[in-house]
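Read through the structure below, which is laid out as structure tokens, and then see the notes.
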Amino acid sequence: MALLEVRNLGISFGGLRAVDSLDMTIDQGQLYGLIGPNGAGKTTVFNLLTGVYRPTEGIITLDGQNLVGKKTVEINKAGIARTFQNIRLFKNMSVMDNVKIGLHNHFKYNLFTGILRLPGYRKVEKSMDERAMELLKVFDLDKEAGNMAANLPYGKQRKLEIARALATEPKLLLLDEPAAGMNPNETEELMKTIQFVREKFKMTILLIEHDMKLVSGICEEVTVLNFGTVLAQGKTGDVLNDPRVVKAYLGE
Amino acid sequence: MAMLEIKDLEVFYGVIQAIKGVSFEVGEGEVIALIGANGAGKTTILHTITGLIQAKSGHVFFEGQEITKLPGHKIVSKGIAHVPEGRRVFADLTVLENLKLGAYTRKDKKEIEESLEMIYKRFPRLKERRGQLAGTLSGGEQQMLAMGRALMSRPRIILMDEPSMGLSPIFVNEIFDIIQEVSKGGTTVLLVEQNAKKALSIADRAYVLETGKITLSGDAKELMNDESVKKAYLGE
Amino acid sequence: MKKYQKLLINIGIAVVIYVLVMLAIQFGWVGRQLLSMIVPVCTNVMMAVSLCLIVGFLGELTLGHAAFMSVGAYSGALVSMNLPLPGWLSLAVGLVVGGVVAALAGVIIGVPVLRLRGDYLAIVTLGFGEIIKSVFNTLGITGGASGLSGIPLMTSYRNFTLVFILTLIVVVVVSNLVKSRQGRAICAIRDNYIAAEAAGIKVSKYKVMAFVISAFFAGVAGVVYAHNISILKPGNFDYNTSIEILVMVVLGGMGSIRGSIIAAVILTLLPELLRGVADYRMLVYSIVLIVMMLFNNSKFKEKLMARRQAAKVSKEA
Amino acid sequence: MDLVINIVEQLINGLRTGSIYALIALGYTMVYGIAKMINFAHGDIIMVGAYSLYVFYGILGLPAAVAVILSIIVCAVLGVVIEKVAYKPLRNAQPLAVLITAIGVSFLLQNLALLIFKATPIPFGSIIRVPSVQIAGIHISGITIVTLVVTTISMILLTLFINKTKAGRAMRAVSEDKGAAELMGISVNGTISLTFAIGSALAAVAGLLFICQYESLQPTLGALPGIKAFVAAVLGGIGSVPGAMLGGIVLGIIESLSKAYISTQLSDAIVFGVLVVVLLVKPSGLLGKIRIEKV
Amino acid sequence: ACGESAGSDSQAAASGSESQAGAAGATAEFIVGGMGPLTGSAASYGISVRQGIEVAVNEINAAGGVTAGDTTYSLKMVFADDEATEDKAVSAYNSLMDQNINALVGATTTGCCMAIADISNQDNLLVVTPSGSGVDCVKNPNAFRICFTDTLQGETLADFAVNEMGAQNIAVLYSNSSDYGTGIRDGLVSKAEELGATIVANEAFADADVDFNTQLTKIKGTNADVIVVCGYYQAATYITKQAADMGLEIPFLGSDGWDGVLETVTDPATVEGAVFLSSFFSAATDEMTSGFVSTYEENYGSTPDQFAADAYDAVYVIKAAMEQAGSIDSDALISAMHQVQIDGLTGAGLSFDENGEPNKDAKFIQISDGAYTIYGENGGEETTAE
């Protein structure tokens, strides 16, 4: 069953057609790849999906629910979480607190409970801590829980972003170049983690990546963008062998 | 005599020691790869060489001259270019202005023009986007710009911090071709890369950095066949 | 266990301060000049801590915090002067009204807060402060340029207990707030609002919340101020006052409530302690200010801190 | 007809104050744009410029041209010294730390002037003897014309300098990323010093014109124009040089018109009210660029 | 009452050495506190007041101090900066109390007087403000003032404008930074209307303003016979210059804050003919004034303004009260205040009514030929009108 439906999506910046009549369907539980040359419009698609940009035209639906025109926050509530190509952590907060921000809408107490430290406060905070710890463990970050996010090395920062996104309990997780800046071993490990996340949380994942080992290793289907338009779409194996894709993107 | 020589370098961030006594050298015309895991200290070393971070102890020599305590811009004007991690293009300036800034230390207008043409030839995308603000370029486009900008200074040696990060496969190949070309053109290259396989394949020699210390060094092709390197960095 | 230990220490500190000040008042340990500084110190602590919420935790620069104070001070004083209630009761009502009216002003300022960032917001808050000043200078009910006088002296140092409790409330509430879920959201907005939005934080809601809470306490501080000085003049709440408070927050280390408190105490007392140098007072004050800022960010201090941290680390090991 | 003349006269009054605000705002915006800091001491540099002229011309009796040049040099040097002593050590601190130090410097300059020159205003006759002009019964004073001309020329030169020269490009690079600028071979400290020198020289010019216009010296004379000019710079879009000029003049005119036709008592409230409204409609000021952060 | 001219033995007294202070047998110290702004934009007033006190104190000590009862006191001044803000005033006052002052000359500005009114009354301290002109400054029985109230001044100005200058249409320019300007304006407007004149312009400005062209242009468009400026000489300096530049030829009438204007204008022609109310006339040729002015100029390098004179008188009033009371007990001093009468710089036969208000004459001063003259006498000798 289709979780995300994108129809005829497009946006322009001034004269630049960054994304043009994009159609894409992602099914529940799928691991889907979005690839394409630099500047093809991949990140822009993420920005459109998450309400950072408003499309000039087109339809986006998640679980049948229209997303166009909604604000980022509403879209997150509707079930899309993401990571960023240029890492965006809450740098002056602890690793734990970064994840707890992701949990914000799922563990609640009102302002007065917090200010007055009513019994609800301890209880909710405690279960938040536990849940955050669980997530951090998945990414092997539990030992860093008390550290400031800014002091983590690059690779761990990427993982923390994913953990934070997962904490919002999305239906669809968008990962923008999660393996950038990682060496092959780290990438390998990340692949396993992504697959584990998919299994454990029954997550649907859309990811942008230039590392073909990762894409071919875990994505079932891919869309290849080129100059904002779809160059190829379908089963990963097929697409990656498509001569047009090889020519425009993979090279020899 | 080595062109660039690093001796007993120690660098701290507050109380954390990031570099714990590193020594290595880069000979004229060589391509040297510096590989290592996340957080090993590669970026820190490059930053220390070009004076963006001050070393606690140790020395950096460039062509026999000590540059350890010089301010960054003086170091750069000696002929060292640095393509920094995360690109750091000037987002509010146009592509062309970024490139011109790359040639800041150069005087001859005509030669600068020529270099510009050369860069445009290598990166046609930059020519096409020369009037666009660099901040709105895609990640890969920014990487090209950062590289082009560094080359505009016609450096004697160029330090590159993960130049292939975020680039499409076809472009990764292209970047490595460009690096080789640059090297053939007589520029010495010190290359930091996560893509160790590619880096080692074009490098003459390489050093392996682990948590602030050099643990291995030697001929690049030999290292490529080293079991521990294979296991740790080549993902084989 | 450790959590409670920290709590106990804090309670201990508060009790010790209270007892010491009370003893000082009772037995005349200090001169009248210092006694008369007790309440201004407390109001400045309230101001600094409440501003810390906006500047340190929300990460927005405002140059109009004194405006909230003046709104609170005037409305609270007008209430307590005109209510046909016994003194203490009318003061209590005044405190609440002062806080609430200032909080309303916080809501009004919330609108630009949502649209503007950084220095633009700073200038709008500065403008807001000047507008308030100008209006109070013109209105009849506030006494115009002559100011509002005859406010009962109900929060002087003789009533230190009351003032201390109010200050404590402000400090405790703000400290608790920043460690709560709402406070976390506020800090997240400071660090990266785009990521915060993407993580489901309603940025506008929490921005306004921070402003309203901060304004409320500034208003309360204003009421305390009013009932200590007995006269209010619009000119006393201009941007210089806002800046004075801002200096405390920044000197205190932005996101540190304890730092804000310490800086508020020092900077309030400093000009008084400098009375001895007469004509050079403000000169010395400005130099001290610059030197403190420079020291705060100096290599020297970094080394000191590093040594301390190293000692701590080795102790733990 | 009378009303028309009256309105024109009030507009000219606005221009008179506005052109001074504009000139001060140029320096503000320049320093802000490059060093990314609100130099709260800028207004007091104006004061120093004014007193320097008084000392060189009024007391030492140097020729006017020499006195003017010396005053400008004094301010430029002062600006650089302040930057080196008080701001440079805070380069890597959080931006607000520098703001606070700047406030400290502002206090310091004011109180030094108070100790040296005392609080009583010192009269000082204008050294500019440009005759006033009379157009259709409307009188424009010479100094207003001079101020406008100087401001316009400064604005044009500054714009050209920042956008078209190598040093200007270096300044913009420094303003965005000091580390990367250093990697281009740009001396960040040198560039920032240059910025302060130019900004302070502009402040000196503003100070000179200010006392030629108002003919009276006080230690606090820079404070109010300083803050107004800051507002003007933001109104115009801080960091934008033409914006600073526009902002200054618009502010002067709004001020004048609201005093003339609405209320002298509430004019401050009106001026700031307009400012707030303008910023709400155009959050980056009149000519400021909206920077979309690429996500 | 000791009606002797207080300043008669003043010859260069301020420079006299301290050794004289201990002349008379049993000596003690009487500490006079002083308070006013020494920093900030109002600094000039506080500095004047301090210097005024200083001259008087030195003069009195040089002349052997003050004898109250059987003790001779030498005076000592301690001064505290209040920055003309209310909260600073409170701590300044308390710092003075820590130094055990026996009486206070201050505060200088109305707001600060108000801020310390109740505390000083609780302390039962004799407070003589030289310049606090707001009506409520002396609302408590312990407080007295040397200057006139704002309302009274406004009324006097209105009376002068209508009856002396024959003005029917009055333009008012007033400072709304403090109640000084607004207070005078209120008194002026109501009295002028009562006298049948019309207020054709009623424009505010702030003390820190330097540009008054807008207001002046507005006034130019009216048929005003006189412009009354309720504010201080700094503003007056700018206003008169800008009016002259504009070619505005309406005569100016000013409040007592104008004193000092001649020293701060670049061209005396701009204030030529202007009249202002004053209680102090620095160009007066009587012995007391000229002695004071010359000592002051010698010590501080500037001509004293009314605030310095007010402060000087305040010290002599306190001296008189000490002598009258025969003790320095506060109660005695305060009640003695109602009986003293001195010939001060700011008025002969200065005495205080039951409310603590001064009884003295106002003078109108006119600037003619670039010098201060008593109005109506055109450079003639000063004769204290009664």
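When the chains are written out, they are named A, B, C, D and E in that same order, and each has its own residue count from 1.
Note that a contact is a pair of C-beta atoms (placed from the backbone, for glycine too) under 8 Å apart; a residue touches a chain by one contact, two chains touch by 3 or more.
Chain-to-protein mapping (UniProt): A, B = Branched-chain amino acid transport system ATP-binding protein; C, D = Branched-chain amino acid transport system permease protein.
In this text, all values refer to a predicted model and were calculated from it rather than measured experimentally.
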Label of the chain whose CA centroid is most distant from the centroid of chain D: A
Maximum centroid distance from chain B, chain identifier (CA atoms): E
Of B-C and C-E, pair with higher C-beta contact tally: C-E
Between chain D and chain C, distance of the C-alpha-averaged centres to the nearest whole Å: 31
Distance between chain centroids, defined by C-alpha means - chain A, chain E (Å): 75
Between chain B and chain D, centroid-to-centroid distance (C-alpha), Å: 42
Junction residues of chain D - those touching two or more other chains: 111, 114, 265, 268, 295
Contacts with 2+ other chains: residues of chain C: 137-138, 194, 279, 282
Two or more partner chains touched - positions in chain E: 39-40, 176
Of all residues in chain D, those that touch chain B in their complex: 166, 169-170, 172-173, 176-177, 179-189, 289, 291-292, 294
List of chain B residues in touch with chain C within their complex: 14-15
Residues on chain C engaged by chain B in the complex (per definition of touch): 302, 306, 309-310, 313
Complex interface listing, chain A residues touching chain C: 50, 52, 71-73, 76-77, 81-82, 84, 88-93, 97, 100-102, 104-105, 107-109, 111, 113-117, 121, 124-125, 128, 164-165, 167-168
Complex contact set, residues of chain D against chain E: 2, 6, 9-10, 13-14, 16-17, 111, 114, 118-126, 132, 139, 141, 214-216, 218-221, 223-225, 255-256, 259-260, 263-265, 268
